[in-house]
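In this document, chain identifiers A, B, C and D correspond to the written order of the chains, with residue numbering beginning at 1 in each.
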């Protein structure tokens, strides 16, 4: 029984982490129709920027997180404006551009920061113990931040003009532009919002786990799984799917061991995708 | 008004001549570095052609390593039972992945472009896990070492030169298949790539051509797997990772997705460049990234496409 | 020859009902118009009949054979061709290549009088021009010619005259006449240009709020007060 | 339809394979004609997660070459020749190592220091045999050495040799251990070592369970919950990469695991301490140190700075690889050539295993692999108890 509850706690904390990542990924696809292969790169960059702020500039951790979000959002803004914007309608070209960016980011960070894991710790450590169940404090912090980010994102999208503009562009770009939505401003904003979210996740999670050049790779596969399950372009779907993926990973790993867990997850998503191509809540995705 | 299409166009002929020229290299030199670079390039060219076939229909596939693994491990497992005949193994290395691609294709080809990319990415991840979990068949994480050499018409292709010649043969065969397929179905693939709905409204059975492309691309990938295992004399999971799919896609896009010469030019140059990196391996991936950005932004046709366009402008 | 018959055809998108219980038959070689205010589901009707979108209810018959719910390529192969509202050609290639593909995919050889039709629309001198470099009118006619090149027995035209200059609209008459007379196909036209409808169609159907409001010769139908109220009342400018 | 649409592209690619081969060919032959040089290869992963081990392998070769060059080089045919190290990044994959063997062979290099990992060892063996090259691998794989590959040497013993001695020593410091759970990646680099460690534990009366995770996992909380289900007295991270092991330790302590943590696998204690949050988090730890750390051994880093003029690659791997590089230089000198790998190998087997920094060692490998071509120096068993580093106990070879 203890294992069962513990797996649930882990599943929720994994879910929170995957939700933050999946939201950014889905936002970019839903609004710009871009499959962001560099998502793991922005996650890693968020970790390294936060690490640099803390250890090189001596900033307190919260400031470092803000710095990380700002840096990754800025890079996202610039990359969208000067690289993606011209080819936004060609799904293959934007996919390849983000892939190229990812290779540059991961090679750059390996060259600058070297191959070894960095010394980078989350300020809050220790765990609450309820009998034999433990809930790490840092995971709670991440969970809280994730829920606030979810709420903030929901508020931005459904309660502000920027959000209304972004959703309009997502539904039908031609009509939205006809009514004065300026993609020149809104597209980079959407991309920056998404990469900022990935940077935020990196700044929060890499001190809890580990910060080294390879951490970006598994992020891509997990983001894909979460977003496919949730349905491309659907924010609610992505958040829901993130917690499902977290739970499945937690329970399969606890009860079947690491490698089989990953296999179960992949096969599950493959089957679901084929029999329900729009995912849980997604809508028929636009043809590439 | 509507003349019959010539069986092979200019680009296809150039590709076949180039691949034929590759046979000459093992004859001219005995330099093992040239052998190594050329062998890696030949494996890359065949794998890049597999990616290129699907790109003819605007379908970007990350599943190449998965089908390469099927081809490669078929040869390695057959090697355990001393079955090494070149013709039999070439046929098997092509047919088994192609057969595996039929049910997979039925599952995957109904998906819109973006989903197709994601699913093929998941497919190559699943293949890696399957290789690890199937210890008895594939040697699990240790892979299968000491794969016996190919026997072609009775002679064992043991030496470096013979291995390279065999790789040239596989690459030439793959180029022939790719050229004939993409030439015969040129109009169908191009119509699907540009406007699937219009093509279907005119009567084109779109899914059938996608399936044909997917199955043959899988077979071609199987040949690449065969050539790779034959080069290394081992079948090891690390050779068929999903990262290698990124390399093959980079070769095709940078080389030029518009012409069959693209995968050949792209692979040859990038494999050559990577070997120059030798000591500073980590920069190779960074170079690919920069080259991809440059090609997508500046030279959409890739190297071969841009060269062709430049020549046409010069010729006026 | 094959007769297109539609019985109780219905289409819903989730809760929204686009149209329901559509009934008509198009005998071989016949010509019929379909008119209705924007959003009456005209294009969706063609998409459902041609198999691009599955129906939510009802039946589609071609030459007595039930083809309901078959994929677009199958229905096309059985002889139901269609054109598209916006100009729908293979943009990156020449006029010649566009038509060659239509013939090849149609698998019924070069239809009767195709070259003559191409000549009439001035496409012969432009054979090697890239299709999206043609003037709008020529692109539109190329789309129609391609639909014909696939050798259909029944041709569904989705607003063929939309966007054409006054002078170019006669081409639609020429096209429809050629398709029926030389090609022996029956034609269903969706159109807003009332003159064209009155000129060409011996019989029209008026679609309104997802239902067939009226079905008969234009003179009689367009004179009916309920049709005028539902449809013509608000588009008096369709001179 | 014009007949050939892309004549220039055709001409361009017609000569690509030919064009490429010529410069490579020239470059190779030209280099050898210059001043008398002895080229020795150095191979290992120099990119990706295991980069530190590859860079340490190249570092050891560079240091050994610098030492020899400091005394004028190696006597070849009466002349003193400068030793040049040619590194190659084999990317921790089988085809990377195979490509490396070919690349070095083409420059006439018949002696290689490296590769490092198990996949690389598997990849290089058949190809190096075909190219008649001598090589050293540092893999802990069960088949690191094989009688049918006489030119393959092993830099340090795998767990099969030292795991038993190590378990006995660890039990002295932590007598309470009755059961242990081993954690390692589910590929060759993990399973080969963890399974051998498990046997050593069982031979010493400790029940051992093995738990494998997908390489690339970043969050180990689920695996740890699974491990702690049958509450083991100790957890051993075997050969999981140092970065992963650091996270495992951190999450084990977070989960309330109080028992000792072991590491009977590759080096990396320094990085583990950095990632897990320091020595008081680690608290009770026993680990296999490839090298019994002494003042003279640490001095290798200063030697490196002096002779090679760069900062040494981090960690203890440099120290462990150095003896093999030094012995190889000596063997080349005795053989009077670096072109004939079998001659160098014959000389190598005759040399006594005695390193100025690492001290005395022995040739081993007969019991484990059926071929006695493995250097076995004193290794260390490091102990951290109650958050205090009790240092590394020297364990003489053959104990």
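Heads up, the rule we're going with is that contacts are C-beta pairs under 8 Å (C-beta built on N, C-alpha and C of every residue); 3 or more make two chains touch, one makes a residue touch a chain.
As the structure is a prediction and not an experimental result, all values here were calculated from the model.
Visitor: Please strip out chain B, keep the others put, and tell me the connected groups that result.
Guide: In the absence of chain B, as far as touching goes, the chains form A, D | C.
Visitor: Based on mean C-alpha positions, I'd like to know which chain lies farthest from chain B.
Guide: C
Visitor: Of the pairs A-B and B-D, which shows more C-beta pairs in contact?
Guide: B-D
Visitor: I'd like the Å distance between the centres of chain B and chain D, where a centre is the mean of that chain's Cα atoms.
Guide: Each chain's C-alpha centroid was found; their separation is 33 Å.
Visitor: So the centre of each chain is just the mean of its C-alpha atoms; given that, what is the distance between chain B and chain C in Å?
Guide: Averaging C-alpha atoms per chain gives centres 44 Å apart.
Visitor: Go ahead and note the Å separation of the Cα centroids belonging to chain A and chain D.
Guide: 36
Visitor: Indicate the residues of chain C shared as contacts by at least two other chains.
Guide: Not one residue in chain C touches at least two other chains.
Visitor: Could you pull out the residues of chain A that touch at least 2 other chains?
Guide: Each of 110, 259, 262 in chain A touches at least two other chains.
Visitor: Which parts of chain B, given as residue numbers and ranges, touch two or more other chains?
Guide: Counting only residues that touch two or more other chains, chain B contributes 129, 132, 282, 285.
Visitor: Any two chains that touch count here, so list every such pair.
Guide: Listed by label, chains in contact pair as A-B, A-D, B-C, B-D.
Visitor: Contact residues on chain D for chain A in the complex?
Guide: 47-52, 55, 186, 211-214, 216-219, 221-223, 225-226, 229, 242-244, 246-247, 254-256, 271, 274-275, 277, 314
Visitor: Can you tell me which positions in chain C touch chain B when the two form their complex?
Guide: Interface residues on chain C, with respect to chain B: 50, 52, 71-74, 76-77, 81-82, 84, 88-93, 96-97, 99-107, 110, 115, 127, 146-147, 150.
Visitor: Which chain A residues qualify as touching chain B in the complex?
Guide: Per the stated touch rule, the residues are 29, 33, 35, 83, 86-87, 91-93, 95-97, 99-104, 106-108, 110-111, 221, 224-225, 227-228, 232, 259-260, 262-263, 266-267, 269-270, 273-274, 277, 284-288.
Visitor: Going by the contact rule at the top, pick out the chain B residues touching chain D in the complex.
Guide: Checking each residue of chain B against chain D gives 3, 5-6, 9-11, 13-15, 17-18, 21-22, 24-25, 28-29, 31-41, 129, 132, 140-143, 145-146, 158-160, 228, 231-234, 236-239, 241, 256, 259, 261, 264-265, 268-269, 272, 275, 277-282, 284-285, 304-305, 307-308, 310-312, 314.
Visitor: Flag every residue of chain D that touches chain B in the complex, lowest number first.
Guide: For this pair, the touching residues of chain D are 1, 3-18, 20-21, 24-25, 28, 45-48, 51, 86-89, 91-96, 98-100, 102-103, 105-107, 118-119, 122-123, 125-127, 130-131, 141, 143, 186-192, 214.
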